[in-house]
Every structure is written in structure tokens, then in C-alpha cells.
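Next up is a structure, given as C-alpha cells.
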């Protein structure tokens, strides 16, 4: 990939750098939202959960800001090739980040509602574990993004399978719980929703990885298998 | 809004018209997927459900094609103002359409799994009703898109509230069912997932309406209340 | 596919190209015709005149004996006349050219001047002689003097200088002027610091071309009655004692090279024809040198300025 | 929008070198020109775009000291148009050219368009009339000038003059047309209409166009070659060049970076 | 990326009309020029962009028959520079201009830059040296020419010549600089570097630029005015003009439609 | 930043203004001097001519077939002089126009660059050579040469003067025509070549018509030069007024007559003295006609590339 800072126009460099920075900032914020949401749920911390809910507007605002910046770059700079892919990737990335933010908010809402339920003995370890993995995946995806590292991107995209498996485990477990003890139905449902939100976050993280590959390689790797994706990356590196 | 077909370059007109047509085609396909998915679930038609699952690749392919066309238009035509907003809107719209397709596929998967469950007495009327509404909403959103009708777009976006209410009703009902009769838990869960998928489709339809407003008015109306949205549309029409 | 087959096309091309060859030959001959005449002319002069050229030829006054006759008074006269011409025609012509190109606004007066200059350039030189005869010799009573002759030739080459100045100035793009004005220069600053310096080479070329024409002019000077037999030199312009310069020479009678030559040609004796050839040779060399100078200036200075 | 890999070949440069006296302006160029497609040459000033283009109709033969080496084959008859045995006039009759600055002859509109035909020995008025009308229609100029075919070409606007030059080249049914920065002397609106015209012409004729405006290449061409210092750095279909070029030098140039 | 509504005002045209003899080239123009910002004028050929620009340094006074009506105020001293009592030379000393085609004087590089200072009566060599260096640095040319200040300006490349012209205008510390299509005679790379220079200059000086390349306006300017048939159709910050103009005529023009 | 300007601004401005006005006035006077010259020419020619016409009727002047003002039996018919002028000019143009045009086309379109760079200045030298030298050449070289072919040719004759004058005028025609052709921009020529035209077609159908106004101007200039040329005819064509259209005969032209009279010693104000002004006026009118025609041609056919 081209370094960004070698355009003849410094302002152009600055504009591109700016949206990249904003995206990373948005990514950081979203990561934090995930972390706080999980913590609030696992620890039953309503205040923290409410903070997460409130902070979602920041994520939304960043999305709108970055989107507008991207439009302006396209309108004013007519980017092509790598620059164009960068901007288009950013437009897509922020949609996914915003969705991740929304899922984090949902988890926080679950946390608020779970307060009224009895806490399970295992202290929501399933969510804790899945949450840690998902957060790590988002973190790694953003890392691959920051370094434009396609190899890392493929690896992170592969982690999504693991997450899906864990999620299915939780689902099965919850159904068992519900059947065993119908009084836990509400709580179990909330856990299920939370788990599902985490699973979706994993999907979004995978999307981000796909964009990284698109940006660097110019190849659209959505809707193809992980193996094909790996081949694309190795193929023309 | 500008008519598309008045560019000095006929090819440019044709290119823009082409992506618009493809989006409407994708929209039609997605609408059909929703309809078939609901029918397959309500009527227990596995073959239809499987057809839906298989057909999802078409939606995905259309997304990739349109996306690439949009990139090429940006790279080759340097669109500005209305044209640029059109292309950017298309890029966003197809993401939502693809997600709607995925949700339809999910519903179809539920339909396949529900085959093994006993059919409820009400023959899934809840899903039938919600499904009809959601399908109508998607249809209306695409209609507003096709005609670039902001007033209709605001109205359709407003319908999302109704859908959310219906969805919550279904959820409460299902929880009641589960509590009453733990044997229905699996089935109820599947219904819940299907309902949730429909609710998400409603959200995506709302997004499309927002893009229509963005395209015509140049105003970003995401993350704001329906009332504000109405004001934007009336404000500068 | 082309409108015709390749074979048809090739036939057509061959037929048309024959004309290229035919014309090339005609052109070559025409050109050679001109060049050959020039060579013949110079050769004819040289064969007849070269034997007469010696130091004495330049330092002797004309004489009734062809073998003793020289061109001293003629070349001195030519030099002095040219001095007067340059000193009067150049300032006037350049100033007029500058006015017409830089200052004149479009109105009937400048239109008149404009048309007038063009027409003056086409007036036969002998008519200037008549003007000088009527105006300088009789009206202003300058007599048949170096001053009258110099002024006559000055008027004669004035259109050349004006036109050369205008052409040279016109070749300076308007953007250069606007550039100077945009920096806050006044009109005269623009003219004196930009327009004139950048057109110097062009003006100079024009002046030299004009002079090389003036140096060979015979008719107008005959008209004002230049003498053909002058056996003395005019008063020298520079003196040993105060006031060191003198203008007496201006009113002196004179002769010039072409008149001297004309005089010799008109004699029936063949020996004088050799003198004429020798004088002609000297004249040719003088004009050749001036033309070469003009070409050199044009080439050398134009090379440095490319708009 | 995408180009067909099945495009027929109209012409092909093979190992082409070109020298202005001692100076080598083109270095081992290999490039294909697809039939009824628009191929664009882009690159920084002085990279040899015009030089390359002008090889295609042997324009360099007009000036002494120029030397070709290598070949340019014209299909389907598979002749090497650089072969010294081939008369340049023959090549020029088959390959038309439109220049940077509109250069109509100082004649009437009609005579401008008829010129190429007259040069080919056609003088039947009926036939001329017919061909002139057809060419002017093809250049989208007929409606604007049909009432003043006998007025001087200089009275047209810049954009119209350029379309007249296109009509002039079209009149003789060339197999291929060369355009050397055909819009660089025009304002944006005239430029847009010439671009549109070129886009339409490809239905009839193979087009090779030089432009230093890469957006223009992006807009009108099907294939693009990026040239640099007398070499073809990258040649691919236009979409690829502008969205995902494979060479760093190409990417640097089209994204506005220093080399 | 967005412009600050708090920008200070540097100049303002009020109800400006301009006539070339009988012909009215500008019609009731109202426009503000923000201090230390770049304001671009775009519009189709012949719409009056250059005419308007040249009002700002009274260039029209050089030719007879031109008439101004209305005013252009220069801040902070609030003078109407079109007032006939104001000497145009004074206006030109305060407002510099760079032209379409690079027009260095056929003098040395040094003398080109020093000229404006000499016209102002400065002849102290030390002071001249210092100002010339500063201006050349400001025009990003110092490093390229510092070793050959006494060579002729014509030996520079087109892009360098244009930067020299910018340096020449900069040397006299103008309050405002006018650019009339400063890159239309340059190739893309030279264009990019001039654009970059202009973008940097706005830290020092207010800039008004005419361009018929709207992408250029989009790239360099903070504010853009779209002119058509002698009127300002729309004036707004550049982002708005290029993403969401409010006038149909503006949208038509920037998106490449017929009017 | 404009402080120091502001203080003395007003005084400065007035001084600047006054200086500029004075300079402009001086320049105007210089330009106007050319008009003064014309006026002087006309006044002097007309004044002396009026004196002449007090003695001679215009009818006689135009219709008499003899011009013998200095004889006792004085006749004042200008026709012989006009005829002489036209015949010599005609011979000259018959040489100069075709050759000049062919050379121009050849040099600008056919000749290799080197040849053009050498031949053009050489031909221009033809124009730089003093006319009296040509006179010598005509009288003492060309006439003997012609007499070799036409033994009955007299020593003074219009043919040899006209031929030599024609050669002298060649560069006028060829140089200006060639300049005009070369001013046709290369891209117009390339346009023709690109259509498949040959050199000859390009030269004849595109370049020559495009340069027409310049070529016409060259012809006109050549014509007025031929009419006004003095020394060649004075030396080589003889000074005998002789109403004939046969170039093989000697005859005086208007210019030759003026020279002849000037060589003698005519008292100021005499009728003989006035005749040269009448002749001059006639000559001026003739050239004026051609100049005006040239002006019109150039304006009518001016090309804009």
C-alpha cells in the first residue's frame, strides 16, 4: 500500500490522515463501549451500563462526521486507486463500527434489565468469556486496520468461526437452562440476546478485516470462504 | 432532485441509470426473498425455505456488482453534488439490502428448523402479520427510493415504530408461551428469532428511507428523531 | 475499412506524387536563377573593378583621369550623411512607434497616422527627393548640403524605423505589460523598463536595414542636386581648440558613394566604368556587412528572448 | 461498464523504439489497440505520448532526422505501417488524426470536410455532398452548420471547430482515429461535448487518444496506458488502472504523488 | 475541513456592474472575500470571471471605454478601490496578480522578483536581497534557483516560471493576491505544485482565484462563487457548493449537465 | 504597511501624473510628424504642379503623345513617360512574380531546412544591393549579353532594365510570400498531411490560400517598387521619352526623367523645374492606387488562425 503522506498536496494528506485517525478514534471508543457493556452486565453495574447507553451518541456523531468528511474528500479531491479505496473502506468501516456501538448499547440495556433478575451462580462467565474473545477480535481487527496488515486481517477474520461456536454453545446451554427451570426464562433470554449481540460484533469485526484486504489488495473478499480469502491475500502480495 | 438523464455524457447517464436499476432489481429480489421466507415459515414449506437460502447468493452477488460499479463511477466520473450523493446512497443502500437478504435467509433457516416442531394452533399468525407489515414497509421504502419521494420516505420511516411495537408484542407473547409450556420453548425461540429478524428488516427499511432524504435534501437524517426528520424534509422542500 | 482497395489507393498516390517531383525541379531552377544572377552580378563587378581597388582608390579625390580618380570625398560624404540620418530618424521613428503601439487610443487621428505610415513606406524614393528639393533646399534654404541630404534620407527611412519599432513592440506579449502594471508600474515605467529594452534587438535590426537601404540611395540625392564632382573634404566636426566641435560640415557640399558611381557609369569612357565597378564593389561590401550585422543581431538577441 | 476480454485487435505496437535524431523518445513499446474501442495514453508531460501517437500515421516522416525501430501492425491485413516500403500517405489515408488545437483549413466548412475526399480524387458533387453531410452528422455538427456550409470555418466556435476537424477526418472513413489532446484548448462545456462525441464514435471506428487530463482518460476510454519517460509502464482496462493499478508508478501518478 | 463562519472580511463587492463599452459584462455582483482564505470563481467560459477578478486591481483602467459602477471595498481601511479618485497604481501596489500564462520579464530571476520593489523606489541592495530571498522562499522556489539568481527567467520550466511570477507578486507584501487561471498553461504535475503553493500562501495573504477547472476550485478553495452570464449565481463555502449546492444552475454546471 | 506611501501619496501622484502627460505629448508629436511629412509632400508637389498647369492644360498633359519640355518645341504629354514606366515595370513583374512565388513555395514547402536557411538570406541580399549597381549590371553586362541573342537591340533598352529590376524584386515577392506561408501554423499543414495529402497538394490547396493575403501584399509591394524604381532605368533604359510598348526600345520612365532634369541646372520656379514635380505627382498617384488596392486586399483576405 502507498504511504498516505506523499501527495503533492499537503492538505490532501492531512485530510486522509484525519479520517483515518477519526476512524481509529471511533474504533477505540467502540472497543471501550464493548468493554464497559460487558463489565456492566457481568458485574451488574447499572451506572456503567447507563453510561454506555448515553455514550452511544458519541459513536453516532463520529459516524456522521467521518461520513461527511469522506463525502467532501470525494467531492473535492476526486480520489482514485488506493486513495479511493481508502475512502470507500472508511465509509463502510464506520457503518460497521456504528453497528458494533449499537450492539454494545444493547448489551448495556440487557445489563440494566438483568439487574431485576437473580444473578446466576456462574456470574455470567459465558458472557464474560465470549465478551473477552469478541473484544479481542475487535481490537485485533482495528489493529490490522491501523497497520493495513492483510495477513493479520485474514487471521482475525478466521477467529469469527471460534466466536460463532462459542455463541452456539451458549445458546444451547441457555435453552437447557430454560427447559430445566422456566423461572430463568427471562434471564436466559437476556443472556441469549447479549450473546447474540456479541456474536454480531464478531461478524462486524470480520467485515472490517475484509475491508482491510479490499483496501490493500483491491479485491472484494466479502461472501467468500476463508480459504479463498487467504488465497487472495497470499496470491498477490 | 435533478433528473439523471441530462448529463452531457450519455454514458454517464447510462452508468448512473444502471446502478439505480440494479438497486431496484436487488430491492425486488430482496422483497421476494422476504415474502418467500415468511411464506415458507408460515406454511411450513421446506422446499421454498431452501430456495430462499440458496437464492441469497444472488443478493450477495448483486451487492458486490453494484459496489464495484459505484467505485468505478467515482473513479472515472468524479461525481459531485447530487450525483455524488446518489452514488454514496447506493453504496449504503445495498449494504442494508444485503442485510435484509441475510435476515430473510435467517427466517428461512428458522422455517426449516420449525418443520420438526409441532405447528401452533394459530399457524404463526403473529409472524404472518408482522411479516406482511415489514414486507409492505420494505416495499414502500423501495418505492420512495424509486421515486425519490422524501415525503413518502418520512412516512415509511415512521412505520418502523409500529413494527417495533408489534415485535415487542410478539416477544411478550412468546415469553408467556414459554413460561406456560416449556415444551414450546424451542419453537417459541425460533419464532422470536424470526420476529427479531423481521424487526431488523424494518430498521434497514428505515435506513433506506433516510438515505432517500439524504440524497434529495443533502441532509444527513440518521440518528435523529422522526419529528426532526419531518422538519428537515418540509423545511427546505 | 477504407473507401477503396489498397491497390487503387497506391495507384492514386503514385500519380499524385509525380507532381511533387515536377514542382521540386521547377522550384530548384527558379531558385538557382536568382542565385546565379547574384553571383553573376558580383562576378561582373569584381572582374571589372577588383584591379582598381587599392589604397589610393580610397584616399584620392575624383579626377578627370580615370586612373587617378578615387572615392575619398564619396565615402566621407556617405559617412557624414548617414550620421545625420541616424541621429534624426531613430529618435523620431522610435518615439512614433512607441506612441502608436503603446499610447494611441483608437480614434480618427491615430487611424490617420497609421494609414499614413503605411503609405509613406510605399512612396517611391524619388518623391522624397522632390520633397527635399522643395522643402529643404529652397523652402528652408539649407542648400545642397550634408544636412539636407541626411534629413532627406532620414525621412526616407522613417517609415522603416517606425514599422520595425512597432513590429518589435508588438511581439512583446500583452501579458508582460500587464505583469508590470499589476506590480504597480506607471505607463512610462512599463514602456521604458520593459517595452523598449525587450524590443531593442528588433528596432536595431530595422534601423540597420533602413541604413543599408539609405546608403545605396541615389535618386533623392541627385534630385536635391548633390554634386558629382567634389575635390575637397567638408570641415571636420572635431577641432583641436575650443569649442572642440563644429557644425560647419553640416552645410558643406558633398557627394556620396552611389552618386560617384553613377557619375562614372554615365561617362562614355570605358576606364571610368572600371572605377564604377570598383565603387560598386565597395558599396556591395558595405551593404553586405550591414545586412550581416542585422542578421547577427536578429539571431543573437531573438535567441535570448522566447515568449 | 467493464471491458470485454474478447475485443478484436485492430493494431499492435511491437518493440517500438523511436528516435528524434540521437534522442530516444520511445523505449521498447508494446501495446495493443482493440477494435472499436477507445484506448487512452496518459502520463506526465514529455513522456512521449504524442510521439507515440504520431507514429501511427507516420507524422514523424514530415521532419528530418526521425527514426523508427520496431513495428506497428495494422489488422486485419497484418501490415507493418512503419515499414519504409509503405508510403506514409497510404497510412495517413487509413488512419485519421485530430490535433490539440482545432486546425480547420482557411476554407469554407464544406470545403474543409470535402478536402480529404478531394485529395482522394473524388470530385463528383453529389457524392461529396452526401459524404460531407454524413461526416458532419457523425461529428454532431450537421444541425448547427447545415445552413452555412459555405461560410468560413474560422467563424465557428472553438468546440465547433474541433468537431469540424473530427468531421473532416471522419469523411474519409478511416479505420482508426488518433486524437492528440483534442480538448486541451477548449472550455469545460465544449470539452464535455467533444468527449461525448468521441464516446459515440467508437461504434464506428477504433480510437487512440492522448490526454494529459487523466480524468478525461477515465471518463472516455476503455483501455488506458500509462507512459513515463518513453516507456509504457502499465496498460490495462481503464477500470483497473483507475481503481487498482498494479504498478506503483501508475498509482503515484494517478493519485497525485511525487514519483 | 469545514470553513469557519467567523472568518474576517478582507474585501467586498457591492452591487458591482461592469461595462466593456456598451456591453455589460458584470451584473450586480455582491460577494465577500474572507481574509487569509482562498475564494474561487468558477463558471463557463465568458461568464465574466476574469472581468470580475481584474476589477480588483483596476486592470480595466488600462484600456479605454471600460466603466465600473458600484463598489469594491477593501478592509480594514474601508476604501472603495473603484473610486476614480483612488489611483489605480495605488490599488495595484496593494493587490498583486498572477496571470494565466507565466509572464516573467526577460530579465534575470533576481531582477524579476526585485522589480516590484524597485518600482516602489527601493534600491538598497541589502534590503532587495533579503526581500527577494524571502519571496522566493515563499513561492517554494528558493532552493531550486538560489544558485542561479542571475540567469534568465526564461530558462526555468513552465511551472517554475509561474512560481517566479508568484514570488514577484509576493515580494511586495500584497494584502491580497489575484490568480487568473494560473495553471491552465501547465501540465498536471506543475499544476499540482502550484495548487499546493497557493494552499500554503493563504497563511499569509488573501487569495482570489479564477479557474475554469472546477476540480481545482474544489481542491484549493475555501469559498467558491459560481458565475454565469455576468452574475454570481451562488456563493458559499466550497464544501457546500460541491456536495449540496442550492441553485439548480450550479448543480447543473458542476455535475456536467446542460443548462 | 502602506504608511510611508500614505503620507506623501498626494504629492507623488501629481508629479507622476504630470510627468506621464508630458512624455505622452512628446511621443504624440513624434508620431504626428509622419503626417506632417505627407502633408509636406502633397503640398509641395501640388503647389509646383499648379504652377505647371497654369501654363499647360490638363487635356494636353494627358493626351499629348510627346514629352519634350526642354526642347524649343515643347510638348507636355505624360503618356510616353507613363508608358515607359509601365513597360519596364511589366517586364520586371513578369520575371519577379512567377519566379518569386515559385521560390517562396519551394522554400517554404519543399526545400530542406538547411537549403532554406542558406538560400533565403542570399536572395535577400539581392534586395540589399544598391540600385545603381544594378544599373551598371544591366547596362554593361545584361545588355551586351542580350545583344548577343538580339543583335539589333539598342544599347539602352527597357528589356534589360526590366529584367534586372525583376531579379531585384524577386526577394521582395519571395521573402514576404515565404514569410506569409511560414506564418501558416504547422498544425494546419499537419492537418492536411494527416488527411493523406501530398506536399504539392498541401502547398497548393492549403498553404497558399491560407497565406493569400500575405502573398498579395508581396505582389503589391513588388509592383510599387517596380514603378518607383529609378536608378536602373535611368542608367540602362535611356533617358529619351518615347511612346512605345516595345520593351526592346529605349524609353524614359517618369523617374528617369526626374533624374535627368535634376542632373542639369534648372532655375528654381521655371516651367522645366515644375515638370519634375508634375511627373512626381503622377508617380505618387500611381503608387497610391496600388497601395490602396493592397490595403484593401489585405483587409479583405486577412486570415485568423
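By letter and in written order, the chains are A, B, C, D, E and F; residue numbering begins at 1 in each of them.
Keep in mind that, in the parts below, a residue touches a chain if its C-beta (ideal position, glycine included) is under 8 Å from a C-beta of that chain, and two chains touch if they have at least 3 such contacts.
The structure displayed is predicted, hence computed values, not measured ones.
Visitor: By label order, what chains touch chain A and chain E together?
Guide: Common neighbours, chain A/chain E: B, D.
Visitor: List the interface residue numbers of chain D and of chain E, divide the shared ones by all numbers used, and answer same when the ratio is over half, different when under half.
Guide: Same, since over half the interface numbering is common to both chains.
Visitor: In whole angstrom, how far does the Cα centroid of chain D sit from the Cα centroid of chain F?
Guide: 48
Visitor: What is the distance in Å between the mean C-alpha positions of chain D and chain E?
Guide: Computed from C-alpha means, the inter-chain centre distance equals 36 Å.
Visitor: Could you put a whole-Å number on the gap between the CA centroids of chain A and chain F?
Guide: Going by mean C-alpha positions, chain A sits 92 Å from chain F.
Visitor: Among the residues of chain E, which ones contact at least 2 other chains?
Guide: Where chain E meets two or more other chains at a single residue, that happens at 89-90, 93, 189, 192, 214-215, 218, 242-243, 256.
Visitor: Among all residues of chain F, which ones touch two or more of the remaining chains?
Guide: Chain F, residues with two or more chain partners: 16, 198, 201.
Visitor: For chain A, write out the residues touching at least two other chains, lowest number first.
Guide: 8-9, 12, 71, 75, 78-81, 84-85
Visitor: Please name which positions on chain D make contact with chain E in the complex.
Guide: 44-45, 187-190, 192, 212-215, 256
Visitor: Can you name the residues of chain E that touch chain C in the complex?
Guide: Contact set of chain E toward chain C: 57, 59, 62, 64, 89-90, 92-93, 96-97, 99-101, 103-106, 115-116, 119-120, 152, 154, 165, 168-169, 172.
Visitor: Under the stated contact criterion, what part of chain C meets chain E in this complex?
Guide: 105-106, 173, 175-186, 189, 193-194, 198, 304-306
Visitor: Of all residues in chain B, which touch chain E in the complex?
Guide: Listed in rising order, the residues of chain B that touch chain E are 2, 6-9, 12, 78-85, 218.
Visitor: What part of chain E is in contact with chain A in the complex they form?
Guide: Against chain A, the touching part of chain E is residues 1, 189, 192-193, 195-196, 199-200, 215, 218-219, 238-239, 242-243.
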